[in-house]
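The two complexes that follow have chain A in common; it is paired with chain B in the first and with chain C in the second.
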Partner chain A sequence: MRPPNVSINGQARWRPASWPSSGLMRRRMIWGYVFIAIPILWLLVFSLGPILFSGWVSLHRWDMITPVAQMPYTGLENYDYIFTRDNVFPKALGNTFLFAIGGVTTNVILGLAFALLLNTKIRGRTLWRVLYFLPVITAPLALGVIFAFMFNRNYGVINNLLVALNLPRQGFLNDPNQAMFVLIAIAVYQYVGYYIVIYLAGLQDIPQDYYDAARVDGASYWQELWYITLPLLRPVMLFIIVTNTIGALQVFDLVFATTGGAPANSTMTVVLYMYNTAFKYSRMGRASAMAFVLFGIILLITIVQLRLFRDRTTA
Partner chain B sequence: MMQERNLLLERLGTALKYAILIIGAIMMVFPFAWMLDASLMTSSEIQRRPPALYPAEVQWQNFTQLLDVLPFGRLYLNSLIVTISTVIGVLFTSSLAGFAFAKYQFPGREVLFYIILATMMIPFFVTLIPVFYIVRQLGWIDSYQGLILPSITSAYGIFLMRQFIVSIPDELLDAARIDGAPEPMIYWRIIIPLTRPALATLGTFVFIGSWNAFLWPLLVINSRDLYTVPLGLNTLRTFAAEARNLNLLMSGTVLSVVPTLILFIFLQRYFIQGITLTGLKG
Partner chain C sequence: MLSKRPVAVLLILAVLLAGLAPGVMAQEPIKLTVLTHWGEERLLVAQQAMIDEYVAAHPNVSIELQTVPFEELLTRIVTSRTAGTSPDIYHIYNLWLPEFTNGGLLAPMPEDLAAWVSENAAATSVVGVTYNDQLWGVPTEVNTYLLLYNKRLLAEAGYSEPPKTFEELVEIASAITKKDETGATTQTGFAAITGWDSGVVHPFMALLFSNGGEYFNEDFTEVAFGNQAGLEVFQLYQDLLDSGGMDTSISGWDFPNGTVGMIIMANWWRATLRASENIDYETEVGVAPIPVGPSGTESSTLAYNWLWSVDANSPNQEAAWDFVKWMNMPRGEGEPSPMGNFLVNELGAIPSLLPDQAAFAEDLGDHFLAPFVASTAYARQEPVIGGSQEIKSLLQVEIESLFTGMTDPQSLIDYVVPEANAILEEFRAGAGG
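On to the complex of A and B.
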């Protein structure tokens, strides 16, 4: 028996998402639940549940061996500790900010410059794009290994180049004043290609008419850039700043592969320190508190981003 | 006179443009080239002062020596098993849930979808400790399950597939229903073929992410038989801390980055598409 189709067609689209009336609709509703069952269960067990659990753990002292029901409640003690008595965490937080701000600023400017170049009349655009994109898909761990070799104090190609130019050797990753900047440079190297591609997409969305009109009025290239391109790229730039900041605040692999936080904790970042606190020193409560502090910062950035986007779309 | 000068300026501008692009491209490729170069040198060539710029004789045996230290065949196999299972899992659950959210009406749909959107904002590191604990309670430490199962759903993937499936006309689904097709068959025969571009994009991203993943495998895997490529590279890194093995370290790095590079060169269209598609609309 085939079900009658006329009424289903009409109703399915206009009915609001409430209890369906016909038996057929109800059967279809059940399929909807069946299809989302596993994904929702999985997100509950491996994402939503854990974040609540993590918040709970941050209020306790826990070594992951004591049964969960018996971990001693300590209130906000862990948060108090990491900010007032821990001598590494504030430093790690500062390092992480420095890493994010340095990398994001450079990416936003450098990415724009190269995207503008690639958006002009140019030969082999695909080839350029591929070349600039290669580091993006390479494992940060592998890049860390390569750059640790290149920046090596004794055998590194960069120091040898400096010597060849009669310049003094640098400590780079061994120098507490330089190491973080080397890491920023590596991170820019890795991700600038990604932002070039995003900028290019944004540039290609700008209608050519604007430029034609500006040219009729005799605008120079720089005037076009300042009065047309940059204002219209604002949403793209905002997107790049936010995603890049959120990503950079979570850096782990690169630091792990190059310095491990050394020298003198000058490259220690929040996630790396959290990892050490949890899995080397078995202090799950403190580590969870660190995770929550960073999470709060990321959430704040996300909310600001949503606000800014909404303002732009409604304005 | 004036025109000549303008033409000259324009030529100069073009030359400068290409010069900057070429310098940039060289900087992008140089680390890879240097890695390959060093992977074919002897260790004394690397340590010499000034060091050799290229191997006097290409040292292919570095790679055979490397395989004695680190069983790369096994690493590749493990990484492939984990990566392919993860990709299949994410594509399946994302398209299924995306389909349900796009094309079915059921109470709680809006609320659940908002929960999915909220889940997208949860960074990996916040759930690291609890997920590790759960995986340990489930007895999945040091196993493929432990590597694969926690990451077979992605809130982002569900969101992406839902946005894509919404634009498929209802008439197509209804026509199949009139022919008596059951709902799972509609998913398999209509939704999957029509979402192929989105699946390809999502798949390539998940593939790269899973192949390059390091922190989670580092926590979950202990035995060398289950090492993925990044774990292998990490052991090699500690092994080669002394300068005399830097050439082997570089050959190991070559072997670990080559698969993603090859994949990218063949699938670069999907990457670029994917970024422009997902990045801006996100």
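On to the complex of A and C.
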């Protein structure tokens, strides 16, 4: 459909189809654009700007002390280094994937299990919900310190419990083979409450009629779960998996507070290594390249996740 | 037309104003910002008292004190530089000098002050604040590493003297370590501070120097601990672990709790040890030279320095250096400087400046500090070259790998040496950053 034309001073001018005819509506529309412009400008200056700058820095060598105009251009050297010569980056990437896969899988399963439980008419349901949500509002740094004490080999409560059960003491955060799994456990403890709330919202959106109809047909609890609950929770699961994966791949504060990447880089994650590279070794160019690589990985994984779920939903 | 009298009055006024101009200029308000890592309440009060005293004598100057924890100091300096909000005066760790000076962050020191420091600072501290044959600031605290031992734990294990050799260190450490019936380690003979590069690498360097080894070669083009002397130090750690003399589940930070027999640590820990309720500073804390290794002939150790320096972008460099100078100059003949007073009485540190060391001879002669002060005569400065920090972190991770059984002494050397040399090569080629 052609846009309507208006004549101003005898000259025909194009105007958008949605352009309001009254002065009041036009003023409102202009103000609408003004209000939209503010967040867009904010986004450009404080989000897109730094991203583009970071991309530019990743093609240079920069110690953050030398003026920006004097950064030596190095092309793709930083990317070449982290992929071919850096021994820590692949390890950090592997650790990050382990953390993400372990954390997301546990959160998805455990969150669903607790949500199903809390969606029933158990006694003290509200209290349980509050208790599960409390760790979410606790600072990760504080949690990290508390858990470091709890997992201490000699006086930690977890090891004392193992001894009481006639099991040997474990190194946990001191043991390179166990430290990352302890971090996953801490992260799950902290965030599972948040995912329970999301799952609960999804569960309460499922009409009761479906369950009533299934029961009339003689469906068991597990059949209801498999054929009604899980398929209808798919969008919620997609949200949880995507947001949790993105967050897990960017984990920093928990690792920084508990292990700092030790022992022997067994808990070194990409963002922590990026931080060390930038602020400890003053290699901002290389750290920016890592940031872009991580960005690419997160983007790719998110696209794959969205496609997988969309395909299944539409199938 | 103006009469002659007003013109004459105006001329006189103009001359008077011109004559006063330098004075007026001198009274222009100047604001200085000072960044340190001394953030404890007690230390803040002492620093502010120094500032207040200076400001009272210089009414046109106001000084804002900023403090951040040590772990955040480097980040703060670098980010504030990027943001254009750099402080005028920094208190920095000398290992950062290569990056700071190569990047043009630090202002050159006034020649007269540099000459005064050269004459009045301990020789090791002059080396510590020098980079590329130039002094970059006034040295403040000098720290060395020695063997701290718990006299009570040693006595309970049947030893009255601290170890003098690597062999004795392993023997005494394994005699001290105890476990309870559940397998929990209740005390360890020797401990290290892990998760912190200096906590791991500084003791290693002290042991290396005491074993006749070198950290870098003479022209700083390669690391030099990949030889027999270095291997023996890594083997010492392995022997301590194998003999049970070192249990990494107890941290070196637990020494003040009375559960660690021996640790290699710096003198700045004095205030913590004095405040500890679990170990008696006067009767239980012993200090001894670093044990000598099989390839060494005499005990040696590592020293590192802190210094006051001024930002090259500061619009008030002259005033900034004046404040630094005032803080560090003796108040009078035989008297300490304000900074010396702060370092000794508030921080429990060893001042680098000889007039302060002389003024506090009695305080620095206590059973804990005296061996550290004596060690400044033979201690070797942590080498200040580009890439040092990165090599330090690399070495830290690998020594921690040794502690956790993920590598062995020879594999550690085989991995670290080429990696460290590559970092040095990169910085030499101007490719740091």
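In this text, the second predicted complex is superposed on the first by the 255 of 315 C-alpha atoms of A that agree within 3 Å, B and C clash if a C-alpha of one lies under 4 Å from a C-alpha of the other, contacts with A are read in each partner's own complex, and residues count from 1 in each chain.
The rule is short, and it goes like this: contacts are C-beta pairs under 8 Å (C-beta built on N, C-alpha and C of every residue); 3 or more make two chains touch, one makes a residue touch a chain.
These numbers were taken from a predicted model, which means no experiment stands behind them.
In the superposition on chain A, A:64 contacts both chain B and chain C. In the superposed model, A:137 makes contact with chain B only, not with chain C.
More residues of chain A lie in contact with B than with the other chain of the pair chain B and chain C.
Contact with both chain B and chain C is seen for A:163 once the two complexes are overlaid on the shared chain. In the superposed model, A:287 lies in contact with chain B only, and not with chain C.
Using the contact criterion defined above for the overlaid structures, shared-chain residue A:279 touches chain B and also reaches chain C. Legend: residue contacts after superposition of the two complexes on their common chain; A:103 is shown touching neither chain B nor chain C. Judged by the touch definition given at the top, the superposed model places A:111 against neither chain B nor chain C. Contacts of A:154 after superposition: both chain B and chain C are touched.
When the two complexes are superposed on chain A, the residues of chain A that touch both chain B and chain C are 64, 154-155, 163, 279, 284. For chain C in complex with chain A, the touching residues are 74-75, 78-79, 81-82, 99-100, 102-105, 182-186, 194-196, 248-250, 389-390, 393, 397-398, 400-401, 403-404, 406-407, 419, 422, 431-433. Residues 17, 20-21, 24-25, 27-29, 31-32, 34-35, 38, 46-47, 50-51, 93-94, 96-97, 99-101, 104-107, 109-110, 112, 115-116, 119, 121-131, 133-134, 150-153, 155, 158, 170-171, 174, 177-178, 180, 183-184, 187, 208, 211-212, 214-215, 219, 229-230, 233-234, 237, 243, 246, 249-250, 253, 256-257, 260-261, 263-265, 268, 271-272, 275-276, 279-280, 282 of chain B touch chain A in their complex.
By the touch criterion given at the top, residues 2-3, 5, 8-9, 12-13, 15, 17-20, 25, 28-29, 31-33, 35-36, 38-40, 42-43, 45-51, 53-54, 57, 64, 114, 117-118, 120, 122, 126, 128-135, 137-143, 145-147, 149-150, 154-155, 157, 160, 163-164, 189, 193-194, 197-198, 201-202, 236, 239, 243, 246, 250, 252-253, 256-257, 271, 274-275, 278-279, 284, 287-288, 291-292, 294-295, 298-299, 302 of chain A touch chain B in their complex. Touching chain C in their complex are the following residues of chain A: 61-66, 85, 87, 152-155, 159, 163, 168-169, 171, 174-176, 259-265, 276, 279-285.
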